[in-house]
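The structures considered in this document are given below.
The two complexes that follow have chain A in common; it is paired with chain B in the first and with chain C in the second.
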Partner chain A sequence: MRTYFSDLPKTALGASYWLFAVYLVLPLALMMAMSFKDANFIAFPIGNWTLDWYGKVLHDKQFLAASLYSIGIALATTICATIIGVWIALLVSAENIWGKSAIFALACLPAVVPGLINAISMRIFIRAVDIPTGTFAIILSHTVHAVPFVVIMVLTRLRSMPANLVDAARDLGADPFVAFLRVTIPYLMPALLGGMIFCVLTSIDDFVRTFFLGGYQPTLPMLIFAKVQGGMSPEINAMATIVLVVTTAVGLYAEYLTRRSRS
Partner chain B sequence: MQPVVHFKNVNKLYGELPAVENLDLAIEPGQFVTLLGPSGCGKSTTLRMLGGFEDLTSGEIYLDGKPISHLPPHKRNVNIVFQDYALFPHLTVRRNIAFGLELKGMASGAIHKRVTELLSLVALQDYAERMPAQLSGGQRQRVALMRALAPDPNVLLLDEPLSALDAKLRQQMQIELKTIQQRTGKTFIFVTHDQEEALTMSDVIVVMNKGRIEQIGKPSELYARPHSRFVADFIGQSNLLECTIVSVAGTVGTFDWRGNVVHADVIGSTAMPGAHATLALRPETLYCLTAKPEGRLALKGRIVHRVFKGAHTSITVALENGTSLVVQLDPVALSHIEGDAVWVGWRERDAVLLAS
Partner chain C sequence: MVDTTTQSRAVASLASPRYAGWIGRAVSSSLYRNTIGRLADNRWIRLAVLAGVPLIWLVMLHIGPIVQMTNISFIANYPPQPGKSSDYTLANYALFFSDRLYFMPFIRTLIFAAVVTVSTLVIVYPVAYYVAKVIQPKNRMRALLLLLIPFWAGELIRTFSIIMLLANRGAVNVLLRELGFIDRPIPMLYTFFSLSFGVVYLLALYMLLPLYSAIEKIPTPLIHAAADLGAGPFQRFRRVILPLSRDGIVSGCSLVYLTAVGVFAAPLLLGGPNAVIFPEVIAMLFHGSNDKWPEGAAFSMIMLVISLTTVGLFMRVVGGRSIRLM
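Let's look at the complex of A and B:
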């Protein structure tokens, strides 16, 4: 008994953790469960199970178009953010650059600025320079938001890179560009992969920026939002479940790749 | 013979601080040359200037008679073995060694053949497809060496490559390095702060201190005839005697050492009577006797310290003139203990008059 009581804080910590886990998972589980319900409204008990909602979603032209649109924006964002992020990380890690910490702080600012502020300022900006709302504007703002994550991940990896690696490549006959391609990039690969997956996921997930900057074509979150406005139905649950499963799979795969290339 | 590497009046400043000063050094082809000195003596900077990783403040470096100080590292036909090996972690052993060959545009068949050949030189044929992380320290060392040798450089530069290895492995690698150097006939320039390493492997040792060359010579010359107090102290162990010159007769000088009269060779010295001088004595050249010998130098003292070191025993003798000498003895020949009164002396040719 004594050991039991002396372990009380530990037990309490463990119990509260599991409570939190339930709180995290329960809504997701409910959402997934409802997507299999053979009825038009969301409520317990489920009664009859069906896969019809999934069939409906997969044949829903709007859903497919919105998904493709979101993925397209995410890919464009990822490419831009990775190029800019790697470039800034290299700049900041270089030994003697004037205003190094200012560059770093500026690049990371969008990570802490609220999405709403970012969206409004971007909206004002594109009006001022006469860029129409729509795809390009969305990619612009998603990129600004994604860059800090690439910078931080790449910079962390760069700092763990032995300085001699690039020297060794140069010594063996590589000019600076070849050394970068053949040594620095492969070394950064785990961080690049992680950063890129992160870019894709934040871009697909984003609602606020897209809402302020989007045109007539809806991205996936906007489509789901519009549908929710029209009333909840298990079809929305099915859509959300598909998004959840796909993003989780991508995230886990990225984690696996990162771990493998590190070991 | 034209030197393969020639530093001409090379200076390197970091801000105001000189790292290398007025370096003049010519290195003959096919030699194992060691730059030896304590940390911060400029030896690594010298190597990095030759490799192209540090700019010269002034002067010029010639490789095979051609000035190279304006060339970037990838255009110089020298290769470096780095201190931490710097193997590419994402490439296999084979691809690591092939790296320089690929950049030279060699055909893949020829590369395969050359890499296999190099791997067999260090008995690593079975490790070709391993990643660097899967190798031991000694194996990584060998791969780094072969990677640097692969493009067939004029000169191979080695920047303290053995410092990360344990003592046993280090001795083994010293012999291996020397063997590879002799077999390939390449010029090796080896940087180290370890005098034992330098003595073991080198044809020529360049002792550096505070950015300047202290002395250049064969290992045995440096050991037997150090020019300066720094060299006498840095290579091996020395007893340093602060004396005044009394007289010089031919090649033998007479010195006053705290009231004792001692003799030493003064060949090549321009020291004048009355001047201050420093004599260096290796501990193993001193003799230590229990009775006063006739006709030989003998200074009376008492053993204050005794250290058994396996192959020899080192004793410290406090002399009546207030100083002390370290004497290295064969452990079986004498079994003095602390507190014993002894007579210490040396043959005059074993005392070296230092220039500074």
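Let's look at the complex of A and C:
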């Protein structure tokens, strides 16, 4: 039998994959290892190991407040972005609407505008309409950022939905609203779950929008940024490790959920 | 006995109202029937409900900020005094072209974004090909997942982790010194190199996903046919695989380029005085007193228009149809 791929390219490709995997994981692994260092400064090699930094972080009122604040913003963003994203997706997928592609392009606009410009234009906008910087402005800008992704995820799922499902519900006496609640929403659920977790993670992760729109209360990324600027110690590593472990666990769980619902 | 109970229960559930559960109860109440139910029967009200909120949202928050930014960028006196109409001017744009301090970082940013895009493409392409075509299909998702995990850590945390690697007493320098290659650390952090290294690290995912899904769609028999007809590995790549993965290349490059132009956290943490790029210049105009806002808005407009035009031209030349992540 003839081999279509001679072994050399295959080995090289495999090597590139594993090198890339190491490249992605190594800095984070080093970052996590450094959080166990028993010294006040960040430097290799790590002579003595300790868990003290974790104790310090978990008793740090600032860290806990920032975490709660970030989670609150993320939840509010997720609720708003999901509702508006589904709404836009329904409009785009409706049959007899004029200018659908224009609406879709408009919905995707914030996803292609560079993040910095998104943040700055929003800063100018909220001043023009007299919204103060702070929690509400952050939620607004995070929602604008998340909506395109929800729209795309929901639309992808809607396209695979048999058109006659809703028709059947209507024939059986459901009005459009009931058909939406009892047929469309359950069908969209996997995409919605994936989209919601995506919203939570992007919101918790966001730096540039919060930087321009935030008030005095820091979110998690702002707190970490302030600490990095103020002089580095392994305390930051412990903080970042906690955040990293939690967000990765949430991400993996989302992956598991969408995979399970697909099969 | 058991059988009859289950049977009677099944009959009971059939006989119960068609809408079971709280939604059903709410829907069959007369309050609902007379309010939402009646409204939902009218086609025009339905259309208004369907279109109203999305259109208001899109116009207010997707166009509004850009329009307001454009508006501000032409204003001479900002913030406008009450009762005085604001004068429109092109001076804010002229300032950009008149001062090297503004102009050079912009050029540097465009070059930087291009370098990052090309490096990411070269690094990620073989990886995407390996996952999409070489790995057994049953292991494919697992192999992809391993690469996705690091991206769930946030932007800032990943940027910070680059410092661990490249600092003067970071892993690379310490390792090189232990091995006896160097006496004193190579200054890698706070340079153009560390910035590019970090941004490639941050954005590789935006290249990986579109490339993976494009390469995965190439029919494997096509590659085999090329091999049967005598094409070597290089020729197969150049004549078959590369043209067929064009959509992925265009999407990946556009996404990476557009994001790289506007990176903000990475230059603050990894860039140094010799690697000032345009986003920092713009941010400087917004932090501080308010009277610099028109200049900042004008600079942002220049950046937005030039970066979108570059991507548009790129798509026209290479021939991709649209930008998509997967």
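Keep this in mind: the second predicted complex is superposed on the first by the 258 of 263 C-alpha atoms of A that agree within 3 Å, B and C clash if a C-alpha of one lies under 4 Å from a C-alpha of the other, contacts with A are read in each partner's own complex, and residues count from 1 in each chain.
Here is the rule we use: contacts are C-beta pairs under 8 Å (C-beta built on N, C-alpha and C of every residue); 3 or more make two chains touch, one makes a residue touch a chain.
These figures come from a predicted structure and were not determined experimentally.
Put simply, more of the residues of chain A are touched by C, taking chain B and chain C as the two choices.
In the superposed model, A:Ser101 makes contact with neither chain B nor chain C. Using the contact criterion defined above for the overlaid structures, shared-chain residue A:Ser160 touches neither chain B nor chain C, since it reaches no partner. In the superposition on chain A, contact is made by A:Pro27 with chain C only, not with chain B.
Once chain A of one complex is fitted onto chain A of the other, the partner contacts of A:Asn48 are absent, as it touches neither chain B nor chain C.
Of the two partner chains placed by the overlay, chain B and chain C both lie in contact with A:Asp175.
Within the superposed three-chain model, A:Pro186 lies in touch with chain B and out of touch with chain C [touch as defined at top].
Using the contact criterion defined above for the overlaid structures, shared-chain residue A:Ile88 touches chain C, although it does not reach chain B.
Of the two partner chains placed around the shared chain by superposition, chain C is the only one that A:Leu116 touches, whereas chain B remains out of contact. Across the superposed pair, chain B and chain C both touch chain A at residues 172-173, 175, 178, 182.
On the chain B side of its complex with chain A, the touching residues are 51-53, 72-74, 78-80, 82-84, 86-91, 99-100, 103-104, 147-148, 151. The touching residues of chain A, when paired with chain B in their complex, are 162, 164-165, 167-175, 178, 182-183, 186-187, 189. Within the complex, the chain A residues that touch chain C are 4-6, 9-10, 12-14, 16-17, 20-21, 23-28, 30-31, 34, 42-45, 84, 87-88, 90-91, 94, 97, 103, 106-107, 109-110, 112-125, 128, 140, 144, 147, 152, 172-173, 175-178, 181-182, 201, 204-208, 211-212, 221, 224-225, 228, 232, 236, 240, 243-244, 247-248, 250-252, 255, 259. For chain C in complex with chain A, the touching residues are 18-19, 23, 27, 36-37, 40-41, 46, 50-51, 53-55, 57-58, 61-66, 68-69, 72, 123-124, 126-127, 129-131, 134, 141, 143, 145-158, 160-165, 167, 169-171, 174-175, 201, 204, 223-224, 227, 233, 254, 258-259, 261-265, 268-269, 279, 282-283, 286, 293, 296-297, 300, 303-304, 307-308, 323, 325.
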